[in-house]
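You will see two complexes here that share chain A, one where it goes with chain B and one where it goes with chain C.
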Partner chain A sequence: MNISLSEAAPVVSPTSGDGVLSLLWLIPALPALGALVILVLGNRRTSPWAHWLGTATVALSFLIGLVAFFQLLGRDESDRSVGQHLWTWFEAGSFTVDLGILYDPLSSLFVLLITGVGSLIHLYSVGYMAHDAARARFFGYLNLFVAAMLVLVLSDGYLGVFLGWEGVGLASYLLIGFWHHKPTAATAAKKAFVVNRVGDMGMVLATTLMFATFGTVSFEGVSELASGASQTTLNILALLLLLAACGKSAQVPLQSWLLDAMEGPTPVSALIHAATMVTAGVYLVVRSNFIYELTEVGRTAVVIVGAVTLLAGAIIGCAKDDIKKALAGSTMSQIGYMMLAAGLGVAGYAFAIFHLLTHGFFKANMFLGAGSVMHAMDDDVNMRHYGALQKAVPVTFLTFAMGYLAIIGFPGFSGFWSKDKIIETAFGESLWIGLAALAGAGITAFYMTRLMIMTFLGRKRWEPGVHPHESPKVMTIPLIVLAALSVLGGVLLLGDWIVDWLTPVVGHAEHHELPLPVIAYTLIVVAVVAVGVAVAWLLVAKRDIPREAPQKVSFVTRAARADLYGDAANEALLMRPGNNLVEGLVTFDDDYVDGVVDGTGSAAIGMSGTFRRIQTGYVRSYALSVFAGALLVVLALLAVNLG
Partner chain B sequence: MNDFPWLTTLVVLPLLGAVAVMALPRTKGERAATQSDLPQQVALGVSLLTFGVAVVTAFQFDTDASGFQLEETHNWIEAFGAHYALGVDGLGLVLVLLTVILTPVVILASWRDGDRGRWSVNSFFAWMLALEGLAIGTFAATDVFLFYVLFEATLIPIYFLIGGFGGARRSYAAIKFLIFSLLGGLVMLASVVGLYAESAGSDGGPTYLLEELAPIMAAADTDVARWLFVGFFIAFAMKAPMFPVHTWLPDAADEATPGTSVLLVSVLDKIGTFGMIRFCLGLFPEASEWATPVVLVLAVISILYGGLVAIGQRSIPRLIAYTSVSHFGFIVLGIFVMNSQGHVGATLYMFNHGLSTGVLFLVTGFLIARRGSRMIPDFGGVQTVAPVLAGIFLVGGLSSLSLPGLSPFVSEFLVMTGAFVHNWWYAVFAVFGIVLAALYILLMYQRTMTGPVRPGVEGVRDLGVREVAAMAPLLVLIIGLGFFPKPLLDVIEPSVETTLTTVGAEDPAPDVTEADVHAGGSDEEAHAE
Partner chain C sequence: MSFEAPHIEYATLSPLLIVFGVALVGVLVEAFVPRRLRYLVQSVLALVGLVAALAATIWVATDLTVRGDGAARGSIVAEGAIAVDGPSVFVWGTLLLLSLISVLLFAERHLDGGLSAFAGQAAALPGTEAERQASTRGLEHTEVYPLMMFAVAGMMLFPASNDLLTMFVALEILSLPLYLLCGLARRRRLLSQEAALKYFMLGAFSSGFFLYGVALVYGFSGSTHLAAIAEAVNGRIGGQGLLLGGIALIAVGMLFKVGAAPFHSWTPDVYQGAPTAVTAFMAACTKIAAFGALLRLFYVAFGSAERDWTPMIWIVAILTMAVGSVFALSQTDIKRMLAYSSVAHAGFLLVGFVGLHEGGEGISSLQSVLFYLVTYGFMTVGAFAVVTLVRDAGGEANHLARWAGLGKESPLVAGIFAFFLLAMAGIPLTSGFTGKWAVFSSAAQGGAWPLVVIAVLLSVVAAFFYLRVIVLMYFSDPVGDAPAVAVPSILTTVTIAIGLAATVVLGILPGPVLDLAADAGAFIR
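Our next item is the complex of A and B:
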């Protein structure tokens, strides 16, 4: 281990803010207001203007976030943590839970990502959802999501985070199931929520454990006291938070919901299931650095989860013909990278966030691009029905290509900088982790090249009657902006800016002693990526792509198509035994628990039956029985009294 | 002002209202819908007036003081030491407020539910008002004998409401409910009599006043106290209801009208958990500690068992009834972990559960009345034809699964915290309840509301103005108290302190304090520098 532990994680100690920094509460409040207005007034009444209201509230939040960011930039490094107490949520005994804002270098970046990418996706949705009768409701949900996500990243304590955490879960549920008449969408929505609830168990137990240990759940309190807790407590705390993170960020073993979540409208996939919500788990781990810094076990678990997921997601991505599912596998994989980086501790936190931001740009870009393609192809998602689209949708193609070059790590593009840093740091931790991250980069290059070729290049394999057309400006402008960000996102690393910026939050690590010079790792990564691209070129572009997926394929392909049997495992290990348990208990309840009652009661019921035959339904009889009861009471009391 | 008998007014007002409703011209049967709605209107007016008086009463309540307030004490049956004694602490006040909030809501929501009963529409609403008055009396009684009488008296209106206005198997359900309740009552009666025997032997002579009984019982023989505790506890567990004495509830909820189910589950069942705090803990603190492990295990079983069995139900009201078994498990868990978080959580839970279950029973009641079936497989696609109904159903469901931001979250989280602090094993088991809740609510939502519109569902109208008006107050409270539960917590806190002092329980201090960190860390810091 090269990471120095002598320097403990920074304690969260916010100062008060003035000017725009005292108006921070408006950032989540504006979209929340938008959601409230749209959802309470209803779809019909708000449909003429709901989309503009929804977009405007998020854009306004972005502007406030931007001004606030520059204010923070202008402050001294030691002064860049601004706190604002809002109100006391609840208290019981010595347990006080306050709702408050913590605006620091970490949350400031998230605010910009959420509201910035959020504004673009709102704008895009104005066009994308134009023909949906329930567009107003869609914007209501989307605003609700943005508000909840902002609560998540701006809260100054774990329960505030949990409030946002469940809020984004709700929004995700509502938006995955937006087309509720489709049974697949409704099932996917429920699955996402339930799987996330499994993660939430971790969150609930973690917060209750925090209270039992520290008497508080605020970041300030926990970060100050963490070093006093026992090693076991810290280990358990870290693992419980990781469980929560796995649910929200679709990490193994709670990954299975994300692929199904693609049932939601594509802007939702871009905003929630790629750029922002699914990264909340990474945020949680990085935010909890004051805990993870104290537990080797916790960090190792995070690294393992990240490494496994980055490979699993990439492999799944290779076999999908559904463009959105291929991208979803890729999202899992990229978040795996972020998780892995976060698990590397002080050396990795900043790079996890860096990759989170660049991924937010290029993946949102590509999802929206996929939406634009689907728009052109009458909502067909099967890439085997695409091909040769670069001429039909030129803007979409060019912007998508920028995202593609960014994700595979083409030198100079944003993803190149962020992924390279993670791989390098992973090699600093251990050879095996480094190799896993490196292999992931190669597979990423393969599946993304395959996706590019199948969608935009090669011959036309279109369904009859499809006439692809470029999307309207309201959709292509967000694509262009996101493409630009995908290209240029690397500037955040100039002069190690992002590392220095985050130092007050996550601490600063000494540089690693790597066995090879840094440039050697970069070259190796580029070489592996090139191999991945070349293999895809040989296997996909040089061959004819059948319109039907071939059935005679290798075991690996079959496994990848079946999401590496994640659902099958859930089915066999949880759902089927669970169903049996439920059915067994229902029978047990009806036949035994209730049976005993009915058995003993049947005599009495029989008696009352006779009773009723005598005085059918007369109020008198009931009054009589009540009177008899009362008499019994008095007699009993008298008996004792006299006795 | 404080000499005014506020609580008696709250008890008597609805009872007089019930008499007044019966005095109106009777409307009954198929023609009821075309006859005047005067009984409904008068009943609603009386319940709103009661609500108004209760609000005024609540403002008399001093949240800084502990013990009973607004007390009225009169001798009743001196030979037994029974008094007509009323008074409320935070616990009692919260439940009185729940009762006066839910009654007008239920009356408004049940506007046409009395039309097809065995008896007149008048009697349907009169029984509801009678139930309100008796329930308020039960929550305000500070004399054990008075409590017992009112506790038994509440059975009469609910029996008639189920047996006279329910579904096809209403007689079976009503009698099953009555037998369970009478059996529970009988067990409690034994303990009530036992209390008399104890107090009659004391210096002050026989008394049923709580304030006088508590010191007498503190000096009583441990075994006697334990036996008396068991009597009360069994009665309250059947009322609550807890596993394994819960099976009357699904049947009752299945057959009763939705409004009756709300009054039964949201209000009357709370007498069970209310009684555990007021009487089991209040009179038998040592016995309560003694019974804690068994009760906690039963509570956790109720949470998990209720949730699992709920998932497997095909009838909507039965499903909701089983969710309540799970929720009552949480309440009992909170009570018997014997710390502030658990108690504040449990008390708040009683209120919040009333709201969330109220929404669920009423809104599904609207749905069931429209479709003419309560079986889940008969539904599907309701969200397409009745979006407002579906939306309110979802909010009710999300509050039932304790989504943060909605009021039940705060109470459930506090109970979980209390359980963890008491012994983390209970929390580890109970936490699975939150996954089960997501399953039973969202599965029901998926099966009834989403998917293609099923045959028979096309004709389902969306909610009308009256129905939305009935639901609106509950929804506002659920969301409002989700973010600002402080006013209720301020009312609850002093009564929790009193109860915990009685039991002699103290909250454990956190493991790590600032002193630990600074004392332990100073060497290292010095070393590092």
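Our next item is the complex of A and C:
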């Protein structure tokens, strides 16, 4: 073993907890109970109170999470990993899977994000879904999602993660297709499900490989034994986990489902497809740091995937006229940043999680803001039909503006701190990666400014008969809270708090020696962002925005509108060959297999029909057959003896 | 010249003696008990007798003495004529259980206007005034119970015989009552009588073969004791012809009884013509008894000559499986189809029999065949019991076309029957699967894998005709009037329930019965 202990990732070794920490199981159990009650009793019986039950369970989980967080904060740094064995899930021979909870600095942050943002979005949904006949069912699904997501981040092993992983996949499927009377929504749900299956296969194979290699799938066991595995095994493990992460986090090449997933109700887009579920891939990579630390190949692959996605998502975001799809492209891109940071290893893990949190705030804020705008515009999502809304929906505009400033990285806002750190670390790793991340920041500034201008500024391009109005309080209060978090999220970095907080999980990194002083990078980033904003101002604000999207556009715009041909590539590379294969197999089955089977069947029946004539019903012929049989038996015996 | 009275171990033979005793008492009951009480007295007597015999069997089984190396347990009794050992006791227990539930079928009087399925007056010619009178007076033959008891006694003696002459006598004791029972159907009497006559004539014919074989073997070895024959076969120096001829002719007699091809031709006609209750009893119990005897004879007496007779059994096994599976395809009568199915099962059993696996690794051939016999017995009685329920104006509706759409008409009955068919086809989670698995795996371990491959392929063909009936029941519309499903009394219900329960339990938890078969150990010599 040539890896010294100081370099290797920390081994997961939880200790037991008491007090609130022994009630950790309640955190996922409460929303699960809510989902159970609502979904079992059904939409009709629960509709008067289901939304409040749903919100209350998540809020209660948040409170427990908050108290538990402070308990953990009060513990000694070396003792901030709490394990709780719940029960033995199954035993098969030597393979025992215990279902247990691992509550450490990493999962504590996720719990707060999921239940905190989750509570706000639940609250928002009370207003947003007020006129939907199936609101109770919607809250049942939302609770199911929150419960599954909490299982995902609180499990102490890969199998538990997989349980949550599939649970959030199911909830995501149900919620994207919530309005399944719309064919587009039903198709989008199916697409998300199918694409995610590809990623899930990575997860299944990785878990299986871990069991085959280490004989355990718990974080504790795997982190302890990982350094003993062969390099090839570690490489394969890292790539399989990355495949899983790509599916859930909509990273290239499994990105295509996220844009279509915007067919779901907007709170779903905010909660699942921006703040929480899509970050599960980042969680998986960071949680598996004890594997990625041992494989250069794996880390490089993560960085490449992250860099490609952050550029692709940003470019797609530039060309979309659908406000939610523009935000979805942005989400892809921002998760690309997180992946890139996670791929940078110990230096980047903490910043990946930091950006994940701030992104959770500002992107949820903006999605909910977009929902509020749609609410005002009679559910129209086309930004070409917006314009000059800042007067009509002032609260939404102001809160959205906070999110906007955060995402482009306006100095002082939360996104500034988190993105700046990632770009800086990327430059520390390699010039090219740094440049990609920098370019992404510029493009982000461009498409977000475009979105702001098209939605809130300029002249009115409203559809006739649309009378925008501000949303009710129940929707604006979550917007205000999230806006505040978008502005202030940066405090987590004060005194490198988040880095130190996560050190017990991901290890401590020596600072890279950068060729330029840190402040220089910050200035460069701010300058690039300013250029992006300026270009958007010149190209969008200074020109008239046509109500119909112009068709004579550059090649790049066309490509971006077509999601950079992601669907076309899937269709050409996977769907068509798949269809052809299936058709070929069906033809083979019909013509050959069935032919042989049917042929055998009819041949046997024909034979049977012919031979049954032997069965004449006459005793004399039966006796003859007995006699012939006797002859056969005698001859068979004699033949053996003579031969 | 002084005569020494033979020494009889009454206690060890008690199961056998109880059944014989009950049969004799039954004859006396016919003579002395008033007609109206006979049904009750006879059926209760038969049931009590069988239960008592079963209890005695269990007592005997717990008391078997361990012999020699410990592989076999039991003792040779009645001056060397009978061997009461593990396999004997196992077969006895199985036979008695199946006879018990068959008696319930015999006693069923709910299905046909308050009368049993047996002729009112067998001597009355079909279609005559006498027959009509017998039927209007509500007569019924209660002699069927003592007849059945004699048959059961014969069946118990057959596999326990340690002497070729005893074996022959047992063969006749079990056969003669069955010939009679076959001819006693209340409905379709001509068919029934024809079946009885055919069965009798062919049975007599094959008995002749058996007896001639016994004579030849006696000529070779100078004894009819299995142990003495085994010794002679082991150290044979000359007289090959006598031995081989003897083995061949005895095999013919045995294979006729188990219904193996090409000695099966009586099976469909007799199964179809006989009253269904008798068919159920005969199909299950005769096969078990005959296989028990076949195993004992060939493993104990002719064991050293296995090289001589295995190729012959291979041929017969393949032929039997093929004939059973293929002929069943074109049958239009449910009872004939089940008859061919039982022929196919005989073939699968022969595969297990000829595997000649001694045990050690995995289960031995003897155990696997014994286990298969148990699974086969319960599913067969159950399936035939269901056949008695589907009726129309003319009695049982046995034509397959009348079963179309039964799934809609009576989901419960169709479901149960479908389950029995799946079990016969050997679908997992039924006893049919575990049984097939047992015989095939022991045969493969014994080195007969080419035969196992053929058997697996032919069991696929066999699955085809079982599934055809299921398709017919569930996916076809009834032709004309839908057949009515008669509501049986508790008797048939219990029979079906036991058959079903055994088929399910042996499919899911075969362990205890397999252990029991393993405990039976080997034959004593």
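The rule is short, and it goes like this: the second predicted complex is superposed on the first by the 596 of 643 C-alpha atoms of A that agree within 3 Å, B and C clash if a C-alpha of one lies under 4 Å from a C-alpha of the other, contacts with A are read in each partner's own complex, and residues count from 1 in each chain.
Definition applied: a residue touches a chain if its C-beta (ideal position, glycine included) is under 8 Å from a C-beta of that chain, and two chains touch if they have at least 3 such contacts.
The structure presented is a predicted model; accordingly, all values stated were derived computationally and were not measured.
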Contacts of A:G228 with chain B and chain C, given as first, second, both or neither: first
First (chain B), second (chain C), both or neither touched by A:K190: first
Greater residue coverage of chain A in the superposed arrangement, chain B or chain C: B
First (chain B), second (chain C), both or neither touched by A:E91: first
Contacts on chain A seen with chain B and repeated with chain C across the two complexes: 601, 604-605, 608, 617, 622, 626, 629-630, 632-633, 636-637, 640-641
For the chain A and chain C complex, residues of the former touching the latter: 600-601, 604-605, 607-609, 611-612, 614-615, 617, 619, 621-623, 625-626, 628-630, 632-634, 636-641
Chain A partner contacts - residues on chain B that touch it in the complex: 79-80, 118, 148-149, 152, 156, 159-160, 172, 175-176, 179-180, 182, 185, 189, 193, 196-197, 200, 206, 243-244, 246-248, 305, 308-309, 311-313, 339-341, 343-345, 381, 383-384, 387-388, 391, 398, 403-405, 410, 413-414, 416-417, 419-421, 424, 427-428, 431-432, 434-435, 438-439, 442-443, 445-446, 449-453, 483-486, 489, 493, 496, 507-514, 516-517, 520-521, 528
Touch list for chain A against partner chain B, complex: 6-7, 39, 42-43, 87-95, 99, 159, 162-163, 165-167, 170, 173, 177, 180-183, 185-187, 189-190, 193-194, 197-198, 200-201, 204-205, 207-209, 211-216, 224-225, 227-230, 233, 581-583, 585-586, 589, 593-594, 597-598, 601, 604-605, 608, 617, 622, 626, 629-630, 632-633, 636-637, 640-641
List of chain C residues in touch with chain A within their complex: 197-198, 201-202, 205-206, 209, 240, 244-245, 247-249, 251-252, 255-256, 261-263, 265-266, 268-269, 307-309, 311-312, 315-316, 323, 326-330, 461, 464
